[in-house]
Amino acid sequence: MEIQLWREILDPYGLAVNELVVKFNHIIEQYKHVGAYSPIEQVTGRVKTISSILEKSQKKNIDLKNFEDKIEDIAGIRIICQFVEDIYKVVDIIKKRSDMRIKSEKDYIDNMKKSGYRSYHITVYYNVETLQGTRELQVEIQIRTLAMNFWATIEHSLQYKYKQNMPEHIRERLSSAAEAILILDREMSVVRDEIMDAQNSFTIKANI
Amino acid sequence: MEIQLWREILDPYGLAVNELVVKFNHIIEQYKHVGAYSPIEQVTGRVKTISSILEKSQKKNIDLKNFEDKIEDIAGIRIICQFVEDIYKVVDIIKKRSDMRIKSEKDYIDNMKKSGYRSYHITVYYNVETLQGTRELQVEIQIRTLAMNFWATIEHSLQYKYKQNMPEHIRERLSSAAEAILILDREMSVVRDEIMDAQNSFTIKANI
Amino acid sequence: MEIQLWREILDPYGLAVNELVVKFNHIIEQYKHVGAYSPIEQVTGRVKTISSILEKSQKKNIDLKNFEDKIEDIAGIRIICQFVEDIYKVVDIIKKRSDMRIKSEKDYIDNMKKSGYRSYHITVYYNVETLQGTRELQVEIQIRTLAMNFWATIEHSLQYKYKQNMPEHIRERLSSAAEAILILDREMSVVRDEIMDAQNSFTIKANI
Amino acid sequence: MEIQLWREILDPYGLAVNELVVKFNHIIEQYKHVGAYSPIEQVTGRVKTISSILEKSQKKNIDLKNFEDKIEDIAGIRIICQFVEDIYKVVDIIKKRSDMRIKSEKDYIDNMKKSGYRSYHITVYYNVETLQGTRELQVEIQIRTLAMNFWATIEHSLQYKYKQNMPEHIRERLSSAAEAILILDREMSVVRDEIMDAQNSFTIKANI
């Protein structure tokens, strides 16, 4: 498949990502406008690169004819929260929306992966308008705390470097880091109410 | 009504504008991705300021209780085209979309206003998701050529300055300018096909 | 030369363009903040594409060893004004700045090109900081009215399509369009003072 | 002092922040373009709000006549790094630049504040061009790891809420969190070389 065709195929996914980044960022705005604490801290999005799609297809034995069905994260949204509790609040907000339909969800927070990975994943169906009509696409939404995101970013680069062969001493470091982050997130949760209050007054004042 | 309440009321209109700017900009992208001439040159959007809403309400005797119904351009999108023909192409594109519903349209191109104003206006109903649920809002879409936009921008400032009392010599200048623009748009239309071709090859090359 | 090397060479030009777009956009802001009419309406910038550099080098017989010296518009800034008078005001502002040094200027407004092209060009030397130290780069700044820009954009695509062989009937249309634009710019200039006043009051009010 | 005057005074600080965000972001780009690990992960900037300036002036007994001299962080840049080692690399990069001049620096990394706050602060003099000529302004640059930033953000809101009277149990939580973050940063540093390598290959691949 040549680059021009790839561009045309991935084009609506880029639209979906752009629309959803605007929409989730607006949730932050809406909380700010009423002077309330926002469970969402930051939103980013990306379309999977062609080389990543090819690699995943090969690794998972996916026929390129139906990679759009099989690869759920061609369009990816990442939502960063301050506290673990906020993650579940965001999940609720997503479930109540009428502009996306849940396909599946995985809670890697309560069920941490062996590697130490923690995150909440939701795959949704989302409609975009193209010049050829309406298209229903899959979008993967990952919801994490800042601390989880820090760990995941680093683990991702190391995974990428070592593939299946990560040296034991690195795996151990990652594991200790994951633990430190669990503790951090717990310490923070204990005082979440105080912090929410604090940030509320902070936001209100910043608006003046 | 105090500023805080205004912010909350206007908040979903800001969302609508942001979403629609992303969506119409993406149409430009989609044409570029297939190496074709885009009928849309530029897209901008704005939410009416509080002072403009108050002024319009007073002038048109609108009760602030239902200004959201009566004022159709609280959310405004402006689409700029290169050629007059493109305007009608954009109108078609809008009518085929399933994410907005036409309320009314006015063709001030075929029916130029006495002042010299030319533009195509479409009012649509558009849904946004808020934390309180789905909201159906009105959005006014104005479609013009670059040249018409140039004239309209200047006329708008003069209208604003002089209200009902624009001096005759200025009115005359505006009128001659409107004529020069009509001629300009016509000259351009005659060679639109050549230009479309030319810009096609240009875009394709720029992508390499 | 391979793509990776091109990227490294063009990288500081991208920085220069980004810095200058921020700087010229801020001039608009500064006028707005004091409630005054801004001679600058819009600013854009671009780095010349690799294919355009290759083409220009070939056409003008430039050795790729010193193309950075010979091609003055690798980094290009375009400043759009509402009125012809504003162009000269912007030229003055540029000459007074201490963060750029004028290399040369060409006034294609008073001396319209045979094709009908009108614009004011200034080439400046501008310093950027890179990881390898300070670099002095050339940047071409083009200053035009909205109307001149409209014409130039279309002429550029047609030039690109036909190279040296533009058909006579198209050349004529471009010529009539250039004339319509001259008239337009003149009509506008006559009432510039009224418009400046009008836009002043408009800006002030919009800030409230 | 009224709002209009404040706007004019703070206007050049906004310019400084915008320019510096462009410049530091470009450092990330430059590393990416050569396929190397960037010591900078993220850059943000802000101008102090009027209410914060008033509050600080009052608290520190600063005469509003010379607040621009006395308050060093009217313009603030925050640079986020992945690893503690990166912070010192960024400090070196800043010291080598010829477009800013160091006024003072404070190393709260080696000398953690009692509260647990860690960060590297540099105050620089930086020139901006205004319509009234060149202005030399102070800018405070804060350099931190992601983990330090996480802690500092939360501590800042709590400080803001409780002023001098933060309850003991909250102070303790903050302290444990600060410790978890110290451990986290140390674990990460141990494997920094592996991670740098890994992210290098990752970046190169992502560029293809």
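Going by the order they are written in, the chains are A, B, C and D; count residues from 1 in each one.
Note that a residue touches a chain if its C-beta (ideal position, glycine included) is under 8 Å from a C-beta of that chain, and two chains touch if they have at least 3 such contacts.
This structure is a prediction, so every number in the text was calculated from the model and none was measured.
K.L.:
How would the subunit B/subunit C interface be labelled, same or different, where same requires over half of its residue numbers to be shared?
P.N.:
Both copies, subunit B as well as subunit C, present the same residues to each other, with over half of the numbers appearing on both sides.
K.L.:
Roughly how far is subunit B from subunit C, centre to centre by C-alpha average, rounded to an integer in Å?
P.N.:
So the centroids are 26 Å from each other.
K.L.:
How far is the middle of subunit A from the middle of subunit C, if each middle is the mean of its Cα atoms, in Å?
P.N.:
The mean C-alpha positions of subunit A and subunit C differ by 41 Å.
K.L.:
Report, in whole Å, the distance between the mean C-alpha point of subunit C and the mean C-alpha point of subunit D.
P.N.:
The answer is 35 Å.
K.L.:
Residues touching two or more other chains, restricted to subunit A: which are they?
P.N.:
none
K.L.:
Chain pairs in touch?
P.N.:
Those chain pairs satisfying the definition are A-B, A-D, B-C, C-D.
K.L.:
Taking the complex as given, what residues does subunit D use to touch subunit C?
P.N.:
4, 7-8, 11, 14-15, 18-19, 22-23, 26-27, 29-31, 33-35, 93, 96-99, 127, 129-131, 133-134
K.L.:
State the interface residues of subunit B toward subunit C in the complex, per the touch definition above.
P.N.:
Of all residues in subunit B, those touching subunit C are 49, 51, 82, 146-147, 150, 153-154, 156-158, 160-162, 167, 170, 173-174, 176-177, 180-181, 183-184, 187-188, 190-191, 194-195, 197-199, 201-202, 205-206, 208.
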